[in-house]
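Below is a structure I'd like to ask you about.
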Amino acid sequence: MTEKILTLWTGSGLYNLSLGQAVMVLVGLLLLWLAMAKKFEPLLLVPIGFGGILANIPEAGLALSAAEQAAHLARPALLEQMAATLQLGLDPAAGIDAWRHTLTEVLHGDVSPALLRAANDMAMDAGFAHGMLYQFYSVAIASGIAPLVIFMGVGAMTDFGPLLANPRTLFLGAAAQFGIFATLLGAVGMSAMGWMDFSLNQAAAIGIIGGADGPTSIYVSSILAPELLGAIAVASYSYMALVPLIQPPIMKALTSKREREIVMTQLRPVSKLEKIVFPLALLILVVLFLPDAAPLLGMFCFGNLMRECGVVERLSDTAQNALINIVTIFLGLSVGSKLMADRFLAVETLGILALGMVAFAIGTACGILMAKLMNAVSRMPINPLIGSAGVSAVPMAARVSNKVGLESNPHNFLLMHAMGPNVAGVIGSAVAAGVMIKYLG
Amino acid sequence: MTEKILTLWTGSGLYNLSLGQAVMVLVGLLLLWLAMAKKFEPLLLVPIGFGGILANIPEAGLALSAAEQAAHLARPALLEQMAATLQLGLDPAAGIDAWRHTLTEVLHGDVSPALLRAANDMAMDAGFAHGMLYQFYSVAIASGIAPLVIFMGVGAMTDFGPLLANPRTLFLGAAAQFGIFATLLGAVGMSAMGWMDFSLNQAAAIGIIGGADGPTSIYVSSILAPELLGAIAVASYSYMALVPLIQPPIMKALTSKREREIVMTQLRPVSKLEKIVFPLALLILVVLFLPDAAPLLGMFCFGNLMRECGVVERLSDTAQNALINIVTIFLGLSVGSKLMADRFLAVETLGILALGMVAFAIGTACGILMAKLMNAVSRMPINPLIGSAGVSAVPMAARVSNKVGLESNPHNFLLMHAMGPNVAGVIGSAVAAGVMIKYLG
Amino acid sequence: MTEKILTLWTGSGLYNLSLGQAVMVLVGLLLLWLAMAKKFEPLLLVPIGFGGILANIPEAGLALSAAEQAAHLARPALLEQMAATLQLGLDPAAGIDAWRHTLTEVLHGDVSPALLRAANDMAMDAGFAHGMLYQFYSVAIASGIAPLVIFMGVGAMTDFGPLLANPRTLFLGAAAQFGIFATLLGAVGMSAMGWMDFSLNQAAAIGIIGGADGPTSIYVSSILAPELLGAIAVASYSYMALVPLIQPPIMKALTSKREREIVMTQLRPVSKLEKIVFPLALLILVVLFLPDAAPLLGMFCFGNLMRECGVVERLSDTAQNALINIVTIFLGLSVGSKLMADRFLAVETLGILALGMVAFAIGTACGILMAKLMNAVSRMPINPLIGSAGVSAVPMAARVSNKVGLESNPHNFLLMHAMGPNVAGVIGSAVAAGVMIKYLG
Amino acid sequence: MQDTQLLNEGLALMGLGMGFVFVFLTVLVIVTTLMSKAIGRFFPEPVAPEAPARGGARAQASQGDDVMVAISTAVHRYRRRHRR
Amino acid sequence: MQDTQLLNEGLALMGLGMGFVFVFLTVLVIVTTLMSKAIGRFFPEPVAPEAPARGGARAQASQGDDVMVAISTAVHRYRRRHRR
Amino acid sequence: MQDTQLLNEGLALMGLGMGFVFVFLTVLVIVTTLMSKAIGRFFPEPVAPEAPARGGARAQASQGDDVMVAISTAVHRYRRRHRR
């Protein structure tokens, strides 16, 4: 009996709580606070923050596979069996903790699917089970499905009208993607300097933060660098929420008051047929030129076609509501599962947070500079403030353009004009994602 | 660098687009056009058409498993390994393209699940992944789940009142199923003639098109002839949409003006209890006489019971809305995955399209003839025009009956009378499906 | 041809219907009748009852895995192969029916996942497929996901206001859990007496019926005693529906009229912030003291946080509606799959039904006695009638408290006061579940 | 020869299938008719008004006394939606 | 003998479980009380009106000035539903 | 040395990626413009009114003649909800 009470204590969270886990619980609470008090992308950060706390509950192993739990908790005999299955030699001299560590690292690393399945079978046979968050992650993210379904919903919520009325704003969406590639280079540079240790794949996944598109970031990093997914998703959504703080100083620094006062010509009305044909035209271009962007842009176009075609309203409604909400809940919790202390609390995370901020800043700047360039070479006036909306972060960045514009000229409403580059930025980062997946995936 | 740009080009869709894929993209666009402009069952044909385009994006492999992608793209060493795993001998003299072809055929054919899993593991180990549409297909259709869930939703949307008020209309629903079996015989005959090469299983799956029920068609062909699923689903939904064109000439040819003017006695009111007991009675008959129809009719009755029992309205609402919409999206995309050029562009597809049309025509005719027969032997008058509704195609065929009836007698509303055979046709084809699965499944 | 018709007959349900299956079909109809006519928790009992009928359709095998179906139907050669795969020796002297029985028992028992997968592969290779309900069960319950998602939805529907206004009511929720442990002891005692043969794990799963929380019961028994899940779930939901019959006599027996007339002080208003912090505080306590309750209480707190935080209303709405409805449908059908005659019609089921009733009665009594104790030691008056609400069965038990209270004093509304112990009971049984899983899971 | 066999099997399946469909639906006609008669006799419920096609609209007519409640509910819901 | 052991284990589990439930909920009572006091002291929010049981009905009361908006919205929504 | 290679690869990927993004979006600009012109010329539809952001609110304005229908619908729905 005493022994049992002791088990209760030695199995409790308080007894087992590592410093890292305590810190991560606080990080989770911080994310929740940002989401609730500061309205930082709450739809994602509430589930991510909560999932982060759940993932760091000591001994619960919610974010671990059966095999990982066994590596953490099983008796030596089972550890030896698992090592044999995984074709590992365990040093008999090393202590059992070293064995656990070796197994954990191997399971977390790049083990072949067949061996992984065998190890999981063995662990399940011994009574271990996949953790809840691990299952969510497998189904939602490892399969790549959840970000794609969310992208479909985003497509169903996107109105391409402003873009179609002024297609040249696509150039702004293109220019803002420079943030992605500059960040990639920054990450690579940090590694070359020896400050961090990012591979090219990891650098690319980090760069995509600059795309300011949550689902795109998650999709790319689930393919190129799943081990960084937690930090990347957190950075991505946090900075999207910080757009109203990050962008205005850059926008003001790069534009003169006169430029900020430019009044744009009113957008022409766009016909229903154009809106229907556009997603199909975009799809065909993807088919012809960048098959690797097909999952992302294909689902995006599909969602938009459902929205515009007018004959499947019930599907479009569901894609915009029940379906995207359901997937968002599980996507968020799954991302949270990547906030485990031993993975997240690394110096690389700090690098990612720093680089993500840089990515946003550079993307913003390039969008604005591109707008100024277009103003220089074309007659049709473009207020450079809408260039910053090219980073996407829909619709926040467009609202920021509008707000900064109103500060200079209280009668100049830029919102609809800024929606063009805003959605162009979504397309732009999906294209950039396709290129990266092509070369590195 | 130049080499990399070259990769971009040699990996582009334009460079790799085969004629077949281009044709299938056009077919996909045609389906979308039919859905959007002609309102051909848009809820299904929009996702199917779009999925068809996605499935034919060159090099993207969205509809392929990891192993199929590896067979298409991997280096020779991996091909040899996979062949060994699959217990195949590759002829060293034959070129690598021959190897790819052999592997693709084997993977697409009837390989054992254990070997298939091993081949997929090997491909994943080498960095390949299941395509998005392949995953949708596995979860939604290969498991059999999506058509069943849709059938549950259809059950929740079906009102058996008119059928209960006049149960004899079930005979019309029975007679119209002759279209199914005549088509089966037609398909078998074509093979006997040497025109096509359909097995008995394939002939049965084709025949079910005559049932004019999308989910039933998809369910049956996913079991009996998954390789034909794309063509069968497309034919099924297209002809359901064409019912207003196909049926009226047949209806007019087989009935005299006097017959078309027959006024039917008004339907008696049906009590709530009858509506509750009916799905249970149907279920019990399935339990007793045709267990093989249990998944289809079971889910159908379950949906209808949820609708009528009055105590689970929130489940019934969800089954009719969010759930059926979600499943429809993925079912449609999954069906689209079966429109890959190399599988779809076969002479068999033309045979299926032709036979499907015949199936509808025969079913329509038999329903009408049965109604005339019942008129001959019974006192209670039946307008033969409602017989054609027995093919199901709910509620289109009933509307057609009503419309043709109004042409002869502008005061004779047949709609509610036609709803009886209409829903009877759903039951009838599910029963026919059960018989076929029993003998061939 | 005659032979084929014969096959139809020998394959029909009527020919194969065992007595047990017929009984279970009647049990399914009884559950449906209770749900529809008596409003016994219809949201669950309609799907469970219907699923129970489906699971007992002879020869359909809807609730069986591919391997189990093969064991039931396959030719001897395949049986021998499967036995070899499962490392079983089949006695050549024993008849084929003995072989089938041996294989079925082994497959149903505690076979290792790797062997099970091999057996299923072999069966699929021979053309067998997983039954529909088996698939639902695997995805919804065996994974543990469905009860957790429902618990999240319950959390999103729960208002902790009354509990926060009077936190001492948590003690009532604690006391009522004595029903759980007393029942556990009862089950163990029955086994010690030799009346039944329950293991400690099974006894614990049975005890949880006393928690009066459907999802908790299902979650715990899916972990500790999946073989009893059907009976436990049926007992759990049936007794929850019977709360208005079970509780009032006990409540009246244990209280004096004077006690029943006690008027409670009005609840103080609770601030929004308190409601937001409470689920987080509860989560932190779970983190610190009972990691094993983390899946259940974590999802519950997550749902409640979504409800209260005010920034993710669309997620909260979905969790309370579309998502919980969808999951309820499949959870119910999955539970129904455990009502197969050969498993359900055992004397243990009767024991479970009897013990479940006892559990409710003891829980009710302890809640009331605890309230009386609190009244004895504290100044703030507590009407003991609200103690019975501590068993949870939200919100039925609280309504019963209110109703019995009104009988004594028509102006004394206890409903809001009873909601406190009512939701406390949910937390209490989840904690009890965590303790049991810790020691036995 | 094999073709003939395929044809024969097709014919057999046609006969069997069509026959079974008719038998099954005939039984269903009989059972349904009996069921309706039994219910009409032993449970002569007040007749249910024709359920409209959409499940959502099944609410029975209600007396107009709470129009104001409805309007204010509509207002609340409208505002809530648009605040989001 | 084995039966006794089973009984003993059952008893142990009962004691342990019941004990833990009480300890846990006692701690929760304490934490909740402290939390409420702290919030009442440091964040004395304007009190939230009692949230009704159904999430759907949380909309705060709104002034009646936009009844017409609500009605026309209702009209639109009604028509849209029925057109489908 | 390896660092230099990593940097080089990063630079190459940047050039390639940025170049491709621009090429692709330029093509998209051209295609979109041509498409719009072609549609404006060959299918000069009556202009679509600006779709509001929320899919739910797309219902076109309807004439006020069925306000009463709407109100009674609202009443029914309200009652149904609250009965649950």
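Every chain is named by a letter (A, B, C, D, E and F) in the order it is written, and numbering of its residues begins at 1.
The rule is short, and it goes like this: a residue touches a chain if its C-beta (ideal position, glycine included) is under 8 Å from a C-beta of that chain, and two chains touch if they have at least 3 such contacts.
These numbers were taken from a predicted model, which means no experiment stands behind them.
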Interface composition of copies chain B and chain C: same or different, split at half: different
B-D, C-D or C-E - pair sharing over half of the B-F contact pairs: C-D
Mean-CA-position distance for chain E and chain A (Å): 31
Whole-Å gap between the CA centroids of chain E and chain F: 37
For chain D, residues that touch 2 or more chains besides their own: 16, 20, 56-58, 71, 74
Residues within chain A bordering two or more other chains: 4, 8, 289-290, 313-314, 317, 322, 435, 439
Contact footprint of chain C on chain D as seen in their complex: 12, 15-16, 20, 84
Touching residues on chain F, where the partner in the complex is chain A: 3-4, 6-7, 9-11, 13-14, 16-18, 20-22, 24-29, 31-33, 35-36, 39-40, 43-48, 50-51, 53, 55-56, 58
Residues on chain B engaged by chain A in the complex (per definition of touch): 4, 7-8, 11-14, 16-17, 25, 29, 32, 35-36, 39, 42-43, 46-47, 50, 53-54, 56-60, 62, 118, 120-122, 124-125, 127, 129-130, 132, 135, 321-322, 325-326, 328-329, 333
Complex contacts: residues of chain B adjacent to chain C: 112-114, 117, 143-145, 148, 152, 223, 276, 280, 283-284, 286-292, 294-295, 298-299, 301-302, 305-306, 309-312, 314-315, 317-319, 322-323, 435, 438-439, 441
For the chain A and chain F complex, residues of the former touching the latter: 156-157, 159, 161, 163-164, 167-168, 170-171, 173-174, 177-178, 180-182, 184-185, 187-189, 191-194, 200, 203-204, 269-275, 277-278, 281-282, 285, 289-290, 307, 313, 316-317, 320, 424, 427-428, 431-432, 435-436, 439-440
